[in-house]
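What follows is a set of structures for review.
The same chain A turns up in both complexes below, where it pairs with chain B and then with chain C.
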Partner chain A sequence: MRPFTFATGMYASGDWESGQLVAAVVIDSLARHTELEVSPAGVNVPIDSAALFEYPFLYLTGHLAVRFSAAERRNLLRFVDRGGFLFMDDHNHDINGVFHTTATQELTALFGRLERIPNTHELYRAFFTFEDGPPATNHEMNGWGDNLVHDQLLGIVRGGRIDVLYSNKDYSSEWSMHPESKRFMEADPSRFAVNIVVYALTR
Partner chain B sequence: MSAVDRARNAQRALLGTLAADALLYAALALGTATLLVIIVDFLSPLPLEVRRAAIPLGVLGAIVTGAYRLWRGREVSSLRQVALYLEELFPGMQYALVTAIVPAGSSDPVLLDRAVEQGYAPGALGPRVRRALVRPVAGLLAILLAGMAFPSQSVTRVLRPRAGDVLLAPPRGAPPNRLEPLVVVVSSPAYAGLPSETLDDPSSVRALEGSGLLLRGRGAMIAPSESLGLVRGAGMMPARVVGDTWSFSLTMPRRAEVLRIADRGRNRLLTLEPLLDAPPTVTLRSPTTDSTYPLPTGTLLLDAVAGDDIGLAALWFELMLTTGGGERFTTTTRILGLASPGGAPGAAIRQVLRLDTLRLLPGDVLNLRAVARDRNDVTGPGEGSSDTRTIRIADPERRDAIPIVPAAVAKLDTTVLSQRMLIIRAETLLVRQRRFTPDSFRVQSQRLGERQRMLYDRVQALILELETATDVGFVGATEESMLLRVAGLAMRRAEDHLVRARVAAALPEMYRALEALDKGRTSRRVYLRGMLPRIVVDLNQIRLTGTAKATVSPRTPRFALSDPRRRLLERLDRLLPAPGRTAPALGDSLTMLRADALSDAPEVAPPLASALEMIRAGTDPLPQLRRVRRMLERAVESVPSLSAWRGGR
Partner chain C sequence: MERVARGVALGALLGLAILAFRDRAAPVHLVVRMPDLPRALIAWSTSTAPAGVHVRADGGFAPFARDWLRALAGAGTGVTWEGTALVPTALAAEPVADPEGGTSVWIAAPAKAPLVVEDAAGRLDSIQSGTGGARVLVRSSGGELFARSGGTVARSAVTDSLVLGRLLLLGRAGWESKFVAAALEERGWRIDARLRLSPRGDVRQGAETVIDTARYSAVVVLDSIGAAEARRVAGFVRSGGGIILSATALRTPGLAGLAAGSPGSVVAGHEPFDSAAGEPRRELELIPIALRTGSVLLEHRDRMVAVAARRIERGRAVTIGYLDTWRWRMGGGAAAVRAHRDWWADLVAGVAHSGRIERPAGGIPDEAPLATLIARLGPASSAPSLPNRTPTVSHQLLFAILMAVLLAEWASRRLRGMP
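Now for the complex of A and B:
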């Protein structure tokens, strides 16, 4: 048994490394709110390598086009089949941006049609309670002035549980800060990350 | 008329009679064979293949019979034999006719002609000819009358046999089973260009997904049609009735399925085995790797090939050009080199792309791939794409903004260099062979063999690293590891030669290993713009300092979902030891199991089909089922779960 390690997936196309601070922020939240044994630093793992199978949770993000190679596709399929949880977040804040279009194409080709996760799903009660479903991000509330609020997350649900969670709410921007700066905030903006990880590890 | 002319006239008449006789007896043979098949088929319906062979065999018999009749009457071709025959018929000619045809000694032709004229009666041949032909004509008439006594469907089944005419055979049983015989007409989708196919009494139907299926049977008048239905899942489809024929129309589904046709307590299972129209396969032959260009100039050769199981409709290059930075990116998609292969199973396209025409800026990203679409207009179109190549234009400013952690030299790169060095040393040794004594040459060669062995060990370690995960074990071969395996094999052979001082024989293997290593080195595509900075969180300082209210309860770690093959294995295990299970019941259960296996474990579907055949043939299917069990067990065991991790609260 090993402590939970936050793994950021490296893929060939696009900019996988755009969420540079996300791992630290999520690890900070997990330690701050849970007793989960967690590694103090995240890892970067090429998704076409065998190292992928050493981690139960994989985070993918980016702004640019996502086109997986054959090896990347094969590994992602195996990873999810073996019980891994894939969380993919669109680092852009728009509707049909290139990341969203290409990432959902890839996920659909791999796992089937993405379905809307209802806002009453147990994901939103796995640790903290989010009555209205996925929490809105600062971008959605007042950051960009476009009033673009994505009200639901998408996912691949198999056997009654979420195997792949897809968000185009740009949590990657929301969670891109130094963990130390949380002390100046009224509420921890990455509490929802705790829900995602706890759900991923226990459902 | 001279005696010879008379003999020739008689010969012509006899030849005509012989030909008619041969034809009539040939027809009689054909008719007799056909009538026999009609009778047998009427009593016990014959398979389509046997009925299809009946007429060709009858024709063969007719030819043999006709030839025999001609051979029997072959003497008619000789004028002398005809003359002797006539002399026998008309003794009054006193051999004058034979003498006229075969002159012997001196004889007066006029006297001979007169003697023949006096003794010959031309009309006497007629009744004999008629008598000869009456027998086969009568036989033919009798066959015709006998044939007319059978129902026209029975005659049609033999004269024009075709798939689906099983419905024309007389019904059996009391009361007749309406579920037998069953005819299935398969109409493939128009885009596939395949002819429609009719299957007699099938237990399973294989056809393209989306094909039209028409299930037909007879006996609709025997009982109310409401009692006849097609059960699919929880629903029951009523039969469509026309005259005495019932039918069900449906479409081949995407997933294998077992249909149940039910009628008054009787059931019949029919497995639908869909053949899925595979999407096109596309390979981008150029460019072969991702690249970063310092300037947006120069040309790129785009080269792709595509193939499809049915036919290609279109093939093109897709370019996605992304420009921007920060949180604002703009992407435009372009299509290049669109080709319409018009249904060909394979096609290739080439295009030269000038980068300066794209107006690329520093930091821009160009994703390019080849895409093909097939002609499937029923469940598709199927679309396939090649791997994507990412071409980046270097951004000197961004380079400073990204924290770059230099990567260590790849182990595979050093292996390639070592193999190259080893080849150079082997070639040098070979050139200088004459300078060495045989013993010292052997020692030098064996040293190279040892080096080759060490390199092989390093390659094995790399393969292990690529194919296994810590705490998990083997997770599957990769493109790179497969190439390394090829290299490893060549290295072992090279080592074997080197140990035996056969340097010349070792060199081709060493080159083979080098080539595979080189391919393996370029097969990885991950473009590392820079490693992310490693931020270490001080867990001890912040542990449980959060004050937000949460739902905390003990939790169970997540496990991999059950493998569908495991469920098949469990179902098979429940079937195997059941004593007293009747063969039809076991057959039905296996049919259901096989339908699920077609989707979840296609590799065990053929042996399951063999087991079903054995049950139908009355033989023991247990050895075959044990084989299926072993296959499923191996497959289930080869899929380990991910490494365990701590759940926590």
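Now for the complex of A and C:
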């Protein structure tokens, strides 16, 4: 059986590569906390390529405006329709920043209106328990970006399952570190990533 | 002289009368064509039956006509038949263990025979028979089914409804378990799952109950499992449950004994998956299976066994050599999601344990009409030669004798007294 591979999506517009440390941190957390078979390194995959369908978990991030090409849109639609899980995170942590505005426009055009994921959703109990919903990031707590704590994630829910998860909490910054740095922290900040991956793999 | 002539004439008259009577009562042999058969059967059954009948069939015999002729034969009438348009055809229909329902129809017919499958509403499918007949899956799950070939119509009906249990998915959390569960749930199966995830606990879906045929129709094992659970699964299969084993599940010692064979070395597939591939499962990695005695090959790739089945006491087991079938669903062509779902549903249907509820059958089954016809009336034959109905004494000769003696008597009277 193929191991789980963390795939970062490459899109033509914007800066898809802005969260290049995220994969290592998430893989580290999966390996620490679960028995999942996990590829030791993530992959970067062009979202307009056939290779996209080899990785049913796709992470997209960036700071800049997002405008998908026709081929990217076609592939993303098919990817989600086939059962792939798309996690998109705003690296800016801005409520009306350029990434948030354009990314949500693109997602809405592709999949319909994003809805608020209730903080009691099983996503928050898929592995670790997050009683208050999505964990706050240091950027939120320190008042950076839009100076708001975004208390809910957004998503596209179909058939009772989250197919697309959208965050503007800037987990991409929260999880951008060297995995060894976690040992100096009170709690692993990427535990919520384990929940997202386990949810994608089991629901 | 007159007295002699009168005596001869009276004798001839008596002889003619006897012959006429004997002719009336004499047995006859008749040749009948199919359209006239129903009316003829009524006539033969309400008046004197003929000594023999020969039926020329240009279509199939209706079951009632076949039985009626058999009854006539039992009553002493010789019955023979012939028919070149009759194709040896047999039909069997069984409900499929699939939440979507459906009926599996097996048709035995000569190779390349055109076959039409129908139900009461009309045509369902038309196919050509292969060397081993034909199998058709029809979504119609009730009422009568017909297989028509040439002039023969075989008729059957599904007489049971199936009661399906749940499926139990075992193994490790991963893409294969996720997409197999999704495919089978989309098909309508209710699924319990126990998937290994971490020392903190497994992913569990559904109630924690014993693994028995009261709750489960089949178990799908996609990866190695614990020894205790393997023992419970083996007991479930031996008691009549079904199992689908991935080749990677055979690493569990307790499961290897249930497999249709032993796993070989991994054969690479293609990456990325070619969505235009004509045979999408060729894109997948494969662990070929070395068949064990008594196992049946279900699918092969090149010369390697990809899917095989075997019976284990009261249960059935399928072993799958393909790895990561989720890649087919994600990366295949436009029909891949449905094809992946159908493929998995077919495998499960092949092993699933199901309860049966009898239901009234409509109509009279006639599953092998030509075989039944031969069993009832014997094999086809050409029309028998009719018995010689020429009288031993010619009626014309008797008439000539009669006329001659009457003339002699008349002449004798006229010439009476002449020198």
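We adopt the following convention: the second predicted complex is superposed on the first by the 199 of 203 C-alpha atoms of A that agree within 3 Å, B and C clash if a C-alpha of one lies under 4 Å from a C-alpha of the other, contacts with A are read in each partner's own complex, and residues count from 1 in each chain.
Keep this in mind: a contact is a pair of C-beta atoms (placed from the backbone, for glycine too) under 8 Å apart; a residue touches a chain by one contact, two chains touch by 3 or more.
Just so you know, these numbers come straight off a predicted model, no measurement behind them.
*Asks:* With everything superposed onto chain A, say whether chain B and chain C fit together or clash.
*Replies:* These partners clash in the superposed model.
*Asks:* Just to be sure I read the superposition right, which of the two partners does A:Arg2 touch: chain B = first, chain C = second, or both, or neither?
*Replies:* both
*Asks:* Figure out whether A:Asp28 sits in contact with chain B (first) or chain C (second), or with both, or with neither.
*Replies:* first
*Asks:* When both complexes are superposed, which of chain B and chain C contacts more residues belonging to chain A?
*Replies:* For chain A, the partner with the higher number of touched residues is B.
*Asks:* Touching A:Leu64 in the superposition: chain B (first), chain C (second), both, neither?
*Replies:* first
*Asks:* Touch check for A:Ala50: first (chain B), second (chain C), both, or neither?
*Replies:* In the superposed model, A:Ala50 contacts both chain B and chain C.
*Asks:* Can you tell which stretch of chain C bumps into chain B once we superpose, 325-333, 343-351, 361-369 or 397-405?
*Replies:* Only one listed stretch clashes with chain B, namely 325-333.
*Asks:* Using the superposition on A, tell me which residues of chain A are in contact with chain B and, in the other complex, with chain C.
*Replies:* Dual-contact residues (chain A): 1-2, 4, 33-37, 49-51, 53-54, 56, 79, 81-84, 127, 198, 200-203.
*Asks:* Residues of chain C touching chain A in their complex?
*Replies:* Interface residues on the chain C side: 172-179, 182, 195-200, 203, 222-223, 248, 271-275, 323-324, 326-327, 329-331, 336-337.
*Asks:* With touch defined as at the start, can you tell me which chain B residues reach chain A in the complex?
*Replies:* Against chain A, the touching part of chain B is residues 290, 320, 322, 327, 329, 331, 365, 367, 369, 387-388, 390, 402, 465-472, 475-476, 478-480, 524-539, 542-546, 548-552, 555-562, 639-649.
*Asks:* Can you list the chain A residues touching chain B in their complex?
*Replies:* Counting only chain A, the residues touching chain B are 1-4, 8, 10-15, 17, 20-21, 23-24, 27-29, 31-38, 40-42, 44, 46, 48-56, 63-65, 67, 69-71, 74-75, 78-79, 81-85, 91-93, 97-98, 102, 125-129, 158-159, 161, 173, 178-179, 187-188, 191, 194, 198, 200-203.
*Asks:* Taking the touch rule as given, give the residues of chain A at its contact with chain C in the complex, in rising order.
*Replies:* Touch list, chain A to chain C: 1-2, 4, 33-37, 49-51, 53-54, 56, 79, 81-84, 127, 198, 200-203.
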